[in-house]
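Multiple structures are listed underneath, in structure tokens.
Each of the next two complexes has chain A plus one other chain: chain B in the first, chain C in the second.
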Partner chain A sequence: MTDTFSRREVLAAGFGAVMLPATLSAQPAARPAEFKIGVTTFLSGPASVFGVPSRRACEMLVDQINAAGGIAGVPVRPIFVDEGPGTDHLVGEIRRLVQSEGVHALFQSISSGSCLACTPLSRELSKVNLLWDCGTQRIFEEGRWDYAFRTQGYATPEVLAPLLYLLRTKPDIRTVAVINQDYAWGRDSWEIWKTAMDALKPGVRVVAEMFPRFGSTDFSTEITRLLALRPDVVYSTSWGGELVTFIRQATERRLHERTTFVLPVAEASLQILGRSMPEGHIIGARGDHWNNHPAPRDPAAFNAFVNAYRQRFNEYPIYPCHHMAQAVWALKAAVEKAVAAKSGGWPSDAELAAAFRGLTFPTPTSTITLREDGQGLEDQIVGTSSFNPNFPFAVPKDMRLYPAAQVSAPVGQKSTDWLKTLTPALIQSAGQSI
Partner chain B sequence: MKRIEPFLALALAGAIIAAAVAAPWLRFVLTIALAKGIAVMGILLLLRAGQVSFGHALYIAFGAYTVAFLAPRVGDAAVLLPLAAIGAGALGLLIGLFVTRYRQIFFGMLNLAMSMVFYSLLEKLYALTKGSDGIRVEIMPVAGQALDRIAYEWTIFGIALALAFALALLLRLYLASPMGEALAGIKTRETRLEFMGVPARGVLLSAYVLSAMVGGLGGALIALTSRHVTPLLAYWTSSGELVFIAILGGAGGVLGPFMGAIAYELIRVYAAASFADAWQMILGAALLLVILFAPGGLWGMAARAVGGRGR
Partner chain C sequence: MADWFQDNGLLLGLALLDGLSSAGLIFLVAVGLNLVFGVLRIVNVAHGSLYAIGAYSAASIGLFAASLGVPAWASLPILLLSAALVGAIVGPLIERFLLRRIYAQEEVVQLLVTFALFMILEDVQKLVWGVQPIHHDQAMKLLGTIDVPFAGDFIPFTNYQLFVLPGIAVVTLVGLAWFLRRTLTGRVIVAVTTDREAATAMGIDASKIFLLTFTFGSMLAALGGALSSPTAALVPGIGAQTIVLSFAVVATAGLGQIEGAALTSLMMGLGRSIAVYFEPELEVVVPYIIMVLVLLVRPQGLFGVTETRRV
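This part shows the complex of A and B:
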């Protein structure tokens, strides 16, 4: 890419710019003085347990990147927006970020509802949109987006991997009960689990489906019922304060001694639970970034990230921190790729978006590839809760790593349709012990 | 003051249009503000009778979900808007039949309960409503005209502004009519009203249905603007927001809700832009200042400024 453009190409580009609406044309973009990112995250409300740590991680990484000279020589500045006030406010804020602040890329959001509302704006505003944490499978299965990419895994692998782990380690389960928060994620994650379970191990009986109100603080009724029903497995994708409360109330009444919990999003609550998390239950992290990962791809980089975060904020990073970091690293990789493709010139929005498609970027634990539909392939590691002297909280042992491609629905297929095609053979073939 | 009101309205409309032209991202915020202003006029109507509804977000959410559900089948904003208003009016009649038996705190709380029932239904009937993820509303033709995004947004903005004018005028006429004057009678002494042979419940019920209809319209406009509806629209905080706007704007005149809604949205946007962590505190402080120093709200302040009497 060292040759200059021919006159014909320049003319064609010029005519193209005149003929196309201003927002669509690939205008020659000037190198900005700073690269602004609009970041939507929960700064208020219950989900701020995810939002505030992720914001810290973002600030820390941006400081590190700027200290090292920025992305492709351009310093980065994040602008944070609170997801708390709801959709109509957030949709307005996205417009403000793009049209008034002039951000170069958007990182959104934690809530699936926010993602579903805001992703279409990426097309309307022609701005790169990195879905950094929300898990809904609906985004890329129900629509096609040229400017939106998810730099992490999503609901289907995050539920399927713990299920495969359960069926491998406890092949004789006969009954299961679910206790999920009563909102979209709670319902969706149960539908995925149920569909996959019916395909992988037909005949497991569902003895209770419980969806306590979002924000519940008392689970005594549910626990009483679970104690009476004695299911082999209690499945819960609850998170934050509710998961902590449920585990504490359940262990107090010794529910954990007669049943196995499967908790795909437990990782973010384990530090708060500390020693009150019981051992021997199946825990997931929405990815492969456990603090005790036995074999990260780049141990030095992994330790550097964890230690820098610990030093600055006096706690271990939780999965939203890693997801935020993945978005930052993906952005760095894509901008550098796009700049290199233009031999040092600055890419337009469309060129930047094109750089994301098919991008493979390194994370300290592995690499993530963005598929052609925009979905990122993030490996999943599931394990059994245990204690070891290095951590004051539960960490997994007997970990199994599930490569993302094995547990994600293929491009163009709906998760629920794909899950129905799974066969019991997958239980033995999927994943590897690490 | 009454004489100046139309000019004030025109000046306000001019300022809104100027702001929407100058800053494209403000057009969205102002359309939402107009929609909320329309809905808050319903609160104002009930405030005339001394009743505060803590559950009017129910009608906003009903109007918004009417649009979301019918959009794939009907797919024309010009048809959906009246449908949302009629639907919300019918629901308002049904609920109004028994909530208008109650006054004061009981009236407020019953409304709150109703809106929370609707909120729970939207969350629980997951298969129908997609729960908290909400339903997306695509850009749709308006009166048979297929529009691109920019034209569509301007059209909805224009419709919101036109509706705001028309409804404010209608409401002003209504408040000046015997039916409207009787509302003030409910506030001062309901028994006297009955002695005069005016059925207080009927008066309140008709005001309630009207307020439900404007609520539905406001909700439909919100759905057409934000193009994504979630159950949060019916949550009690949204109802609180409407009462907040009513207090901020002042209950003295029909311009109050619009002044309140615009001030509310702008304060929120600028507070969120400057202090992402503390926007709630800034909003709260603004409300406290208004309550302490301008009990008549923004409308009262404007009225005092032009030398009139702001009720």
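This part shows the complex of A and C:
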């Protein structure tokens, strides 16, 4: 037996097939039984020093949110995926999270390489994608994304703020050396520093550019070379075990007495370094969330977050914990905004994404606004390493707060182009003491 | 050329000092790997895990001892003791319960099994020691620094890196050469390395030799890790970094060659440190450039001997 179809039936079937997805997407979204978040973070390898604390912060906040009734009445469930196996693996995992697990939003990632590889999927999958920690400036400067937003700062302000602080506090520097990890962040952050330094203080000589292999466990040779060169400044955006090893080996050999370290991401390593961190060097935190922040926006909320984390995990939260928290708080604010816009109805993916654009959400230390290009504006606080009786590790003193808008490239401009337009006057005008 | 040496001779001197300590650590790990391959004929990827466990154990035991008030001078013996403990406990466990089952298997199966073990042990490290950097530098601080004159200035070096690491490497090299050539057990090991079938036919208990050699190789890997712990912060992944370089040393030296491993480690250590001074971009690839150049000229390695393939 053979079935035959009339031309009218074939046309109707074809028309229906074309129209069905559009019809479905126009249907009001049903309120889910739970709001699933796919979270990509490093759970293995050297970067798990960031990934594991951030997962803990996420679990802690989700527990708190669920205990308080969820987001807009819907309980939240995070599903964690390891960034460790690499970007090819992660791209597949992102698809699995959306297509098999049915997540409602994605939080990705720590590595800039992961973000560059996975952010395009937000368009293909039409799913909200919050870049919660990666710092590459290229994402929002080289593309426009309807579903992707970064709920924190990025490389340009995180490097420019410590440079401005250095040039203000030590205006007579003449030589600088760099020792960064040999991968995207190490290279990109040096390019940002070098471009800005050439504009803000022309004539500073670079006496050494060293990019040891990622994961190095010995910097003796690099330290010997720095001791021989005696640069005024040693700049390093290294992190994790490598920064700890470098600082310990360098201080043992008294390099810190011959030069000033500028360490834009030192905050995450200060607890581990303890008293090994020398005083009088410039330290950053990829944001404004220092444990000794002198004037947070909401001191009670700040202390509650820090104390809850300490109580549960027996250590202070580090900046990836705060970045993860910012993504959670941004999600909460956006969902509530989208639900309110629909008078209590549940938003579609497109409506939820629209709620993020221009969103301003509070953090315990300040407020963060997501610009029209999706980039978050997070203030930067830079200071000089010091010890005080309240902490068993170094914290900043003589802090300066750099408002995000002063140290971020304007919408539509590439950082490298914008940095070339900076003038030395910015050194005095940018930031304020706190 | 003479002008270049006049300008850079002092820097070259500093690079040589740095290269020695680096070579010492590379040698300790690579020679253990070389020994194990020479006797067991297994490419043991998990050798890197033994290095990492040795490092973590030494730091933990050192921290524990310090908390008990054990005097600082004991920190150096504790490093050696930790390595011996790790090798003596973990080595026999791996050999008895895992490797013994795959000696007759194809090389690819052996490689997969030891790689799987490496992955498992990486997770075990995270379970036991967590992911945050761990460090215990009492041994390095105890020995202090020495100021090396340099162009009217001085460069502080730690005595630990300048004397202890190269010193222990030299003692290990001499001790190992003596053991293998002057003691009965050592000669038996050499016999099994040279011709396993003939040695077994002459009544040598190969099973016992395998266990002994693997335990000894494990101790050397753990010793490399333990000695690195006072200078490095320990994080997940340190084993992977080490094993890659060790393989390069073993391939360049010639399989089963301890003097070859020493010379190759020295070449790679010095090559890397000289690169940091004069062409930092090449630092990462220098060991592999050396390996490729040597293997192009001598495919069997610097000290390796050409073997007739048995069919």
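Remarks
Criterion: the second predicted complex is superposed on the first by the 407 of 434 C-alpha atoms of A that agree within 3 Å, B and C clash if a C-alpha of one lies under 4 Å from a C-alpha of the other, contacts with A are read in each partner's own complex, and residues count from 1 in each chain.
Simple rule for what comes next: a contact is a pair of C-beta atoms (placed from the backbone, for glycine too) under 8 Å apart; a residue touches a chain by one contact, two chains touch by 3 or more.
Quick caveat, the model's predicted, so the values are computed rather than measured.
By the touch criterion defined above, A:E93 reaches chain B but does not reach chain C.
Contacts of A:D82 after superposition on the shared chain: chain B is touched, whereas chain C is not.
Legend: residue contacts after superposition of the two complexes on their common chain; A:D182 is shown touching both chain B and chain C.
Of the two partner chains placed by superposition, only chain C is touched by A:G45; chain B is not.
Legend: residue contacts after superposition of the two complexes on their common chain; A:R253 is shown touching chain C, with no touch to chain B.
Looking at the shared chain after the overlay, A:T221 reaches chain C, while chain B stays out of its contact range.
Of the two partner chains, chain C is the only one touched by A:S269; chain B is not.
On chain A, the patch touched by chain B and the patch touched by chain C overlap at residues 44, 182.
Residue ranges of chain C in contact with chain A, taken from their complex: 11, 14-15, 17-19, 21-22, 25, 122-123, 126, 130-133, 135, 137, 140-141, 145, 150-151, 153, 155-158, 161, 228, 231-238, 240-241, 272-273, 276-277, 280-281, 283-284. Those residues of chain A whose C-beta lies close enough to touch chain B in the complex are 43-44, 80-82, 85-89, 91-93, 95-96, 98-101, 111-113, 116-117, 120, 124, 136, 138, 182-184, 187-188, 214. Contacts from chain A toward chain C in the complex involve residues 44-46, 48-49, 51-52, 182, 208-213, 215-218, 220-222, 224-225, 227-228, 230, 240-242, 244-245, 248-249, 252-254, 269, 272, 315. Those residues of chain B whose C-beta lies close enough to touch chain A in the complex are 23-25, 28-29, 32, 123-124, 126, 130-134, 136, 149, 222, 225-230, 232-233, 238, 268-269, 272-273, 276-277, 279-280.
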